[in-house]
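Next up, some structures in C-alpha cells.
Below are two complexes that have subunit A in common, paired first with subunit B and then with subunit C.
Moving on to the complex of A and B:
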C-alpha cells in the first residue's frame, strides 16, 4: 500500500479519529487523555509535513473519496467531477503545515493548562474537531465541502470559546461568534448554491474552468469574499474576534489563529483559483487592499489602548491580517498584468504568504505566553501585573522573541515578511507602504507596553509565590519559538522551500484546474 | 546563502546583520566598561533616584500601570478614539448589521 497516495485522507482521518476516540478514552485517566491529545496532534503534524514533501516532489495531489480509484477525478464519460475531491497543491500543503504546527503547540500547552478543569474529554474532542475543520478547509477541492468544514470549525470554535461557561464573558463571546458565523455561513451557502445552479458543479477546479464574469458570478464573489474576510478578522468585520480570542482558553486561541488563516486561505483560493483571471477588474483586489489597510491601522490603534493582555493580542490579530490582505491583494491586482506581476506582484504575494507562516507562529506563541501568565498569576489585566521576568524567565524570553517578531524588529522573521510587503506595495502607491510602516511602529509601542508592565519593573508582593509554568506548557511555547527562530535565521531556506512553491501554486490557476480536469475543458 | 533574501529592490542578509550587531554591541559594552572616574561604590551614588522622593518599598507603588501608558498619545487622539470605541459596541446585532451593510455595499459597487 502506498501511504503517500493516502496522505490527504489521513490528514483528515487522524484528527477525526481523535475527536471520536476522546470521549471513549478520556475516562481512562489524565495520562491517556493527554497522550491522545499530544500524540495524535503530533501524528497530524507529521502527516502534513509528509504531504508537503510529497506535493513539492510530485506536484498537486488529487484524492477522490469513494471512487473506484483515489486518483481518478474524472471517470470515463464524465464531463465534471461529482465525487468529494481533495486537491492539495503547494499552497494547501503550506497552510496545512502552519495549521498543524499551531495545533500541536496548542495541544502540548493545553495538557497542563487545562488540568484543573473538568469535562476535558469534551475539550479534546472539540479541539480535534476544530483541527479537522481547519485542515478540511485547507485541502478540499470542493466549495460545498469547504462550507461543511467551515461549519465544523465554527461549531467546534463556538463550544471551545464558551468552554469556561462559568464566565459570562465567555458565553457572550461565543454567542456573538455563533450569531455572525451562522449568518455569514448562510450567505456563503447561497453563493455556493448559485454557482452550482449555473455551472452544475461544486468542484472549484471545474467551476474555475467554466466561470464567466456575469451578474450572478459577481454577487457570488462578493458573498464569498465578505464571509471569508469576516472569518479571518478583516476590518470592519472583525468585531467578534477580540472577544472570542480573549475568552477562549489559551491553547484554543493558539489554534484559532491558524483557523482564521484557513479562512484567509479560502479567500485567496476563491479569488485566485476559482475566479482568477475572471475576477472582473480591479474592484475586488482594491476591496481586499482597502480592508488590509484599514485592518492594519484600526486594529493596531485599538490594540495600543487595551490593558487586558489577550484582548490586546486579539486586536493585533486584526492588524496582522491586514498585512497579509495587503500583500496578497496587491498580487491579485496585477494577476492579469505579467509585467506588474514580475516586477512587484509576485514579491507581494511571497511577502503575504511568508507573513501567514510568521503570523501563525508568533501570534500563537503570544497567546500561549499570555496563557502562561494567566496560569501563573490568575491575572489578565496588565494593570495588575508586573515584575514577572524574575519569576518566569523562560516565558519572558519566549514572549520577547514573539513580541520582537510581530513588531517587525530585525533580524526576526516578521521583519523579513514585512520588508517584502513594504517594498512591493510601494510600487503600487507609497501610501500603502507608509500605512504598513506606521502600523509596525504602533505594534512595537504596544508590545513595549505589555513587556514593560507585565514582565519588567519591581516585583509585586502578591507575586512572590509565582513560579515558572510546567514543562508541558514551556514545550508547547518552545515548538513555536523554534519555528520563529528557524524562519528568522534561515529566511531564504524558508522562502525557497515553503513560501515560494506556495506562492507559485496560488497564482497558477491553470495548474489548479488542470490537476482535476486534465484537458477535459 | 541560507540567510539572504532578495526582495527585488534590495536584499536582507541576517548573518551580515548579526555580525554588525555583534560588533556594535561589543563596542558599546567596551565603552560602558570604561565607566566614570568619579564613581565610588557604596556611596549615595548607588541610591535609586526617584524624582527626589523616597523610593516606596512596594513595587506596585512605583509601577506605571498599563492604563497610564501613552496617555499623551491617547489624549491627543481622543476624538479619533471616541469614534473608534463607539463603533465597537460589542452588541451582537451591531456586529451582524455591520457584516450585512459591508456585503451589501460591496454588492452594489461590484454591479455598478
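Moving on to the complex of A and C:
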C-alpha cells in the first residue's frame, strides 16, 4: 500500500482522532494526556512534512474521499468533479507545514503551561479540533468544505479563547470574536451558494475553469474577500484580533496565529486560483493593498501605546498581516501582465509568502515568550515587570531572537522577507514602500520598549522567587526558535526550497485547475 | 417575478438580521439576529436548488417525475443547520457567562477591553 497517496487524508485524520480520543484517554491521568497532545501534534507535523516532500517531488496531490480510487477526481462520463476532494499544491503544503509547526510548539508549551488548570481533557480536544479546522481549510479543494472547516476552526477557537471562563475579559473577547466570525461565515456561505447557483459546482478548480466575469461573480468575490479579510484580521474589522489573542491561553494564541493565516490562505486561493485572470481589473488588488497599508499603519500605531504585553503583540499581528496583504496584493495587481510579473510581481509574492512563514514562527514565539513571563511572574502589565533577564535567561534569549526578527533587523529572517516586499512594491509606487518602512521602524521601537522594560533594568524585589519556566515550555519555544534560525541562517535555501514552489503554485491557476479537471481536456 | 420571491425574502431577512446586530443593545436579541441571518442563508440555499415542478431527488421515490430538485444544496443546508445549532448553543452559553460576570446584558456596559 502506498502511504504517500493517503497523506492528505492522514493530515486530517490524525488531529481528528486526537480530538475524540482525548475525552476517552484523559481520565487515565496527566502523562497519558500529555503524551497524546505532544505525540499526535508531532505526528501531524511529520505528516505535513512528508506531504510537502511528496508534493514537491510529485506535483499537486489530489485526494478523493470515498471514490473507487483516491486519485479519480473526474469519473467517466462526468463533466464536473463529484465527491469530497482535497487538493494539495505546494502552497497548501507550505501553509500546512507552517501551521503544524505552530501547533506542535503550542502543544509542547501547553503541557506545562496549562498544568494547574482543570478540564484539560476538553482543552486537548478543542486544541486538536482547532488544528483540524486550520489544516482542513488549507488542503480542501472544495469551497463548501472550506466553509465547514472555517466553522470548525471558529467554534474551537471560541471555546479556547474563553477557556479561562472565570475571567470576564476572556468571555468578552470570545463573544466579540463569535459575533464577527458568525456573520462573516454566513456571508461566505451566501457567496459559495451564489457560485454554486451559477456554475453547478462547489469544487474550486471546477469553478475556476468555468468562471466568466459577470455581476454575480463580482458580488461573490466581494463577499469572499470581505469575509476572509475580516477573519485574518485586516484593518477595518481587526478589533477582535488583539482581544482574542491577548485573552486566550498562550499556547492557544500561538495556534491562533496560524489559524488566521489559514483565512489568509483562503483569501489568496480565492483571488489567485478561483478568479485568477478573471479578477476584473485592478480594483480588488488595490482594495487588498489598501487594506494591507491601513492594517500595517494602524496596527503598529495602536501597538506602540499598549502596556499589556500580549495585547501589544496582538496589535503587531494586525500590522504584520498588512505586510502579507501588501506583498500578495501587488502580485495580484500584475497577474495578467507578464512583464510586470517577471520584474517585480513574483518577488512581491515570494516576499509575502516568506513573510507568512516568518510571521507564523516569530509571532507564535513572541506569544509563547509572553506566556512564559506570565507563567513565571503572574503579571502581564509591562509597568509591573522588570529585570527578568537575570532570572529567565532562556526565555529572554528566545524573546530577543523573535523581537529582532519581527522588527526586521538584519540578518534575521524578518529582514529578508521585508526586503523582498520593499524592493518589489517600490516598483508600483514608492509610497507603499515608505509606509512599510515606517511600520517597520515603529515595530522596532515598540519591541525595544518591551524588551527594555520587561527584561532589562534592576531586579525587582517582588521577582526574587521567579524561576526559569519548566522544560516543556522551553522546548515549545525552542522548536519555533530553531525554525526562525533556520530561515535566518539559510534564507536562500528556504526561499528556493519552500517559498518559491509555493509562490509558483499560487500564480499557476491553470495547474491548479488542471490537477482536478485533467489537463487539456 | 414570482419565482424570485424567495430571494427577496432572503434579502429582507438577511438585512433585517444585520440591522438588528448593529442596532440592538441586548445580547440575547443579537443572538436572535444571528439565528435569523443563518436561517436566511439556509433559505437561500434551498431556494437555489428548487426547480419548478421538481420532485424529491431520490431515484426510487421520485415516481413518474423526471424533473428533480437539486440534492446538493439540500445537503449543504443540512450541514449548515447543524453548524448553526452548535454555534447558537455556544453563543447562548457565552451570553450566560457574560451575564454571570457583568450582571447585565447591555452591550454598552460590557466594555472592559478597549484601546
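The rule we apply is simple: the second predicted complex is superposed on the first by the 518 of 521 C-alpha atoms of A that agree within 3 Å, B and C clash if a C-alpha of one lies under 4 Å from a C-alpha of the other, contacts with A are read in each partner's own complex, and residues count from 1 in each chain.
Rule of thumb we're sticking to: a contact is a pair of C-beta atoms (placed from the backbone, for glycine too) under 8 Å apart; a residue touches a chain by one contact, two chains touch by 3 or more.
Please read all numbers here as calculations on a predicted model, not as lab measurements.
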| So, does A:488 touch the first partner subunit B, the second partner subunit C, both, or neither? | first
| task | Answer with first, second, both or neither: which of subunit B and subunit C does A:243 touch in the superposed model? | result | both
| task | Look at A:100 in the shared chain and tell me whether it touches subunit B only, subunit C only, both, or neither; answer first, second, both or neither. | result | neither
| Which of subunit B and subunit C A:396 touches, first, second, both or neither | neither
| request: Could you say whether A:26 touches subunit B, subunit C, both of them, or neither, answering first, second, both or neither? | output: neither
| In the superposed arrangement, does A:131 touch subunit B (first), subunit C (second), both or neither? | neither
| said: For A:197, using the defined touch cut-off, is the partner it touches subunit B, subunit C, both, or neither? Pick first, second, both or neither. | reply: second
| subunit B or subunit C, by number of subunit A residues touched | B
| task | Give one of first, second, both or neither to describe whether A:179 is in contact with subunit B, with subunit C, with both, or with none. | result | both
| query | Both subunit B and subunit C contact which residues of subunit A? | reply | 175-176, 179, 183, 243, 302, 305
| remark: So, in the complex, the side of subunit C touching subunit A is made of residues 14, 18, 21, 27, 30, 34, 37-38, 41, 44-45, 48, 72-73, 76, 79-80, 83, 86-87, 90-91, 94-95, 97-98, 101-102, 110, 112-113, 115
| Contacting residues of subunit A [partner subunit B, same complex] | 175-176, 179-180, 183-184, 187, 215, 218-219, 221-223, 225-227, 230, 236-237, 239-240, 243, 280, 283-284, 287, 298, 301-302, 304-305, 307, 343-344, 347, 381-383, 386-387, 410-411, 415-416, 419-420, 423-424, 426, 445, 449-450, 452-453, 457-462, 488-493, 495
| query | If you look only at subunit A, which of its residues touch subunit C in the complex? | reply | 144, 148, 151, 155, 158-159, 162, 165, 168-169, 171-176, 178-179, 182-183, 186, 189-190, 193, 196-197, 202, 243, 247, 302, 305-306
| Okay, in this complex, where on subunit B does subunit A touch? | 1-5, 7-10, 12, 14, 17-18, 21, 58-60, 62-67, 69-70, 73-74, 77, 80-81, 84, 87-88, 90, 92, 94-96, 98-100, 102-103, 106-107, 109-111
